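Once you scroll down, you'll see the structures, which are given as structure tokens.
Below, subunit A partners subunit B and then partners subunit C, in two separate complexes.
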Partner chain A sequence: MMTFFVAALLLSIGLYCVAVKRDLIKIAIGIIIMEYAITLFFVASAPWRGGEDYLAQVAALTGLATTIVIVALVRRLYGRYGTLDISQMRRLKG
Partner chain B sequence: MNILLPLFIIVPLAAAFIMIPAARLSRKLPEIISFLATLYLLGATIALYWSRPSNLMLQYKFGVNLVLDGLSQLLLLAVTVVAFFVTIYSFSYMQKYTGREKYYTLYFLMLAGMAGVILTGDLFSLFVFLEMAAISTYALVAFGTQAEELEASIRYLIIGSVASLMILFGIGLVYALTGTSNLAEISRHLPANANFAKGFITALFLAGFGMKAALVPFHSWLPDAHTAAPAPISATLSGVLIKALGIYAIVRIIYNVLGISPQISLILMVLGIVSILAGVLLALWQWDFKRLLAYHSISQIGYVVLGVGLATPLGIMGGLFHLLNHAIFKSLLFLNAGAIEHQAGTRDLKQMGGLSRKMPVTAATSLIASMSIAGVPPFNGFWSKLFIILACIQAGKLWFALAAIIGSILTLSSFLKVQKYAFFEKVKQGFEDLRDAPWPMCAAMIVLALLCLLVGLLLPYAVGIVINPAVVALMNGLGYSRMILGGQ
Partner chain C sequence: MVVNILLVIAVLAALAAVESRKIFNSVVAFGIMGLLLCVTFLLLGSFDLALIQLAIEVALLLSLLKFTQATGEKEIQKGWALLNYLAAVILVVVFTWFSFDLFRNLPGAGANVQRFLALNLFNLLGVAGVVFGAVVGAAAVLRPKGKDKEAGG
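And then the complex of A and B:
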């Protein structure tokens, strides 16, 4: 049961991070923490189904792909704006 | 017929992976490959309709399976039609970008992801395909790598990944509760007393897929992403991606897996009506052509959700018919906006003017598309909106019907503004020697405009052959599991 609370806690920390932080790196870390929380949830619920589980691995792998795109985009954005503060990226309005 | 089904995913994947080696051999090769691949996909979809297979399920190793029924066939038709014409359009439009083979690679990855979402019969495979399509669109939105495009892409990416994680969490809960991720088996294994868990899962899916479909409280990424992306990508995003990833997935799960209840139906209808009104009101004071179209996408998706949320046969028919029609006319409108941007170099409606004399094809096709989206008879958009409004009245929801009519009138006024500022009045300075778009772009726009007219005129055939099987699939409800697995 402990693992589920840790997963829920991690999920809330990640969501807080994405919603509140302005630094792009911190937002990226928030998303990654949420990914870890859900992978943990998959792993922790595996014993209910008899222990054998390939879905957790797939979930973790899909998370990796998102992470790569985030990091690549953040790097390009830093090159264009010279800052990582998302509140200063305001070319688009409406 | 059995071999045709996996090819819908394998062909675009294969096309994506041979694109970059092929570009080394010849610069023309990526375009030839993408033309042939999308032509094949379109042909195969029409062949599927031609042979009218009964519902089909194919089972493979590792729990991978594919399911074809009326609903997936409808979505497949929308995706392949839009993909084919957008590819032809891209040949000219993408000339100004470098690294075109990468564009086509990402485009086909997105197509494979959408086809996978539509055809899979497994909740977890659905997530994997959804991520495949979503990640390639994050990259496609940022394809120009200008500041604006990167900014739109990072916003889309942050909201999109939160949505994906909500969906994944929901799938994890379903998996933990039932021990299976097969869509047909889930409804059999859901414990009868797990109402709280079921509600929580429904909420997670509604929020997650709602973000993917850009329903109103979750819509903030859409105007940025659709404005910043290259025009063919905006057309695909708005035309089919938000429907395949958002509407199709949520409708399939709510109707065929979890079961629809009056509460969920009401939530869907309220989300729909809020999207209709908020989208169109925000669209009214936009001057950026593509941004205006993006807000109209939110509004039109609202009609689809309103119709489907009614959960009556007429409502579902109107909603799904509007889904198909919106795929045609909204992708056409984005292609029009792209043609103007390509030739005149502006998206600002105030800077345009008199383009109907300089770009007759673009003007004529955009007039047809505008009348379709505004619901002017006899174009296709009129019929589907009429069905939705009639279904609201039939179900006794007069306020919803009234709101839908108001939304439609505001849409008409917004597109009158577009026509007036962009195409009528005097030709502005600097546009004297403007010419119409190159022929591949014109050809794609003309055929899509003809489709708008044809679907409206051949209404009984369109509804009978394409829409009704999809309505049957949804009205079947939890019978989905019986249809696929057999038995009680």
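And then the complex of A and C:
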């Protein structure tokens, strides 16, 4: 039960980070923390699904793919705007 | 019990990653959280997932640290070097100890590799496909010449 609580806590921390912080790296970290929380939830709930953790593996793989693309996007945005502060990125259109 | 302690430390590391003022400290705390979750997955019995998590975490940590260094942030404060080294050594020792203990207790490790490969071939193919797609996506995002230059920004 502690694992479920920690998963919910990590999801809340990640959501807070994405909603409040203005630094691109911190926002990326918040998204990845949420991915980890969901993976942890699937791992913790595996005994209730017959002991298989395929869902957790799928969640981790999806997290891997999104993490790679998110880090690439952060690097691209920093290279284009020269800052990590999202409030100064005012030319994001379309 | 050990899982609970690791999870509490992981939550504290996540809080430190979110609330730290310096990006470097934030990235390091995030790495600690990811590695602790990796050990937690091992303790909970998800060995494949722990390996995936370890690969993600190491690659992500190295990438973010290099990127943080490229942004020019002065990360090391004077006077904290000994504590930093001590923390790093403690983390490495704890992580190695847990990993060695768990891998030693794996049932039949190394004996059924061919059977494992035969049973999980499509699984491995799917994993390779996902990783390949993600890398192609990242390469498309990071390509040096984009269409935005032709469109005038």
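Here is the rule we use: the second predicted complex is superposed on the first by the 91 of 94 C-alpha atoms of A that agree within 3 Å, B and C clash if a C-alpha of one lies under 4 Å from a C-alpha of the other, contacts with A are read in each partner's own complex, and residues count from 1 in each chain.
Heads up, the rule we're going with is that contacts are C-beta pairs under 8 Å (C-beta built on N, C-alpha and C of every residue); 3 or more make two chains touch, one makes a residue touch a chain.
Just so we're clear, the structure is a prediction, and the values are computed from it rather than from any experiment.
Visitor: Give one of first, second, both or neither to describe whether A:Ile38 is in contact with subunit B, with subunit C, with both, or with none.
Guide: So A:Ile38 only meets subunit B here.
Visitor: Based on the superposed arrangement, let me know which partner A:Met89 touches: subunit B (first), subunit C (second), both, or neither?
Guide: First partner only.
Visitor: Please name the chain, subunit B or subunit C, that touches the greater number of residues in subunit A.
Guide: Looking at subunit B versus subunit C, the one contacting more residues of subunit A is C.
Visitor: Between subunit B (first) and subunit C (second), which, if any, makes contact with A:Tyr81: first, second, both or neither?
Guide: The answer is first: A:Tyr81 touches subunit B but not subunit C.
Visitor: Regarding the shared-chain residue A:Val6, is it in contact with subunit B (first), subunit C (second), both, or neither?
Guide: second
Visitor: Kindly list the residues of subunit A that each of subunit B and subunit C touches, one partner per complex.
Guide: The overlap between the subunit B and subunit C interfaces on subunit A comprises residues 62, 65-66, 69, 73-74, 76, 91.
Visitor: Would you mind writing out the residues of subunit B in touch with subunit A in their complex?
Guide: Spelled out, the residues of subunit B in touch with subunit A are 62, 124, 127-128, 131, 135, 138-139, 142, 145-148, 150-154, 157-158, 161-162, 164-165, 168-169, 172, 175-176, 179, 181, 223-224, 227-228, 282, 286, 288, 291.
Visitor: Can you list the residues on subunit C that touch subunit A in the complex?
Guide: Within the complex, subunit C contacts subunit A at residues 3-4, 7-8, 10-11, 14-15, 17-18, 23, 26-27, 30, 33-34, 37, 40-41, 44-46, 48-49, 52-53, 55-56, 60, 63-64, 67-68, 71, 126-127, 130-131, 133-135, 137-139, 141-142, 153.
Visitor: Can you check the complex and tell me which residues of subunit A touch subunit C?
Guide: The contact residues of subunit A facing subunit C are 2-3, 6, 9-10, 13-14, 16-17, 21, 23, 25-26, 28-30, 32-33, 36, 39-40, 43-44, 46, 53, 56-57, 60-69, 71-76, 78, 84, 91.
Visitor: Could you please specify the touching residues of subunit A with respect to subunit B in the complex?
Guide: The contact residues of subunit A facing subunit B are 11, 15, 18, 24, 27, 31, 34-35, 38, 41-42, 45, 48-49, 54-55, 58-59, 62, 65-66, 69-70, 73-74, 76-77, 80-81, 86, 89, 91-92, 94.
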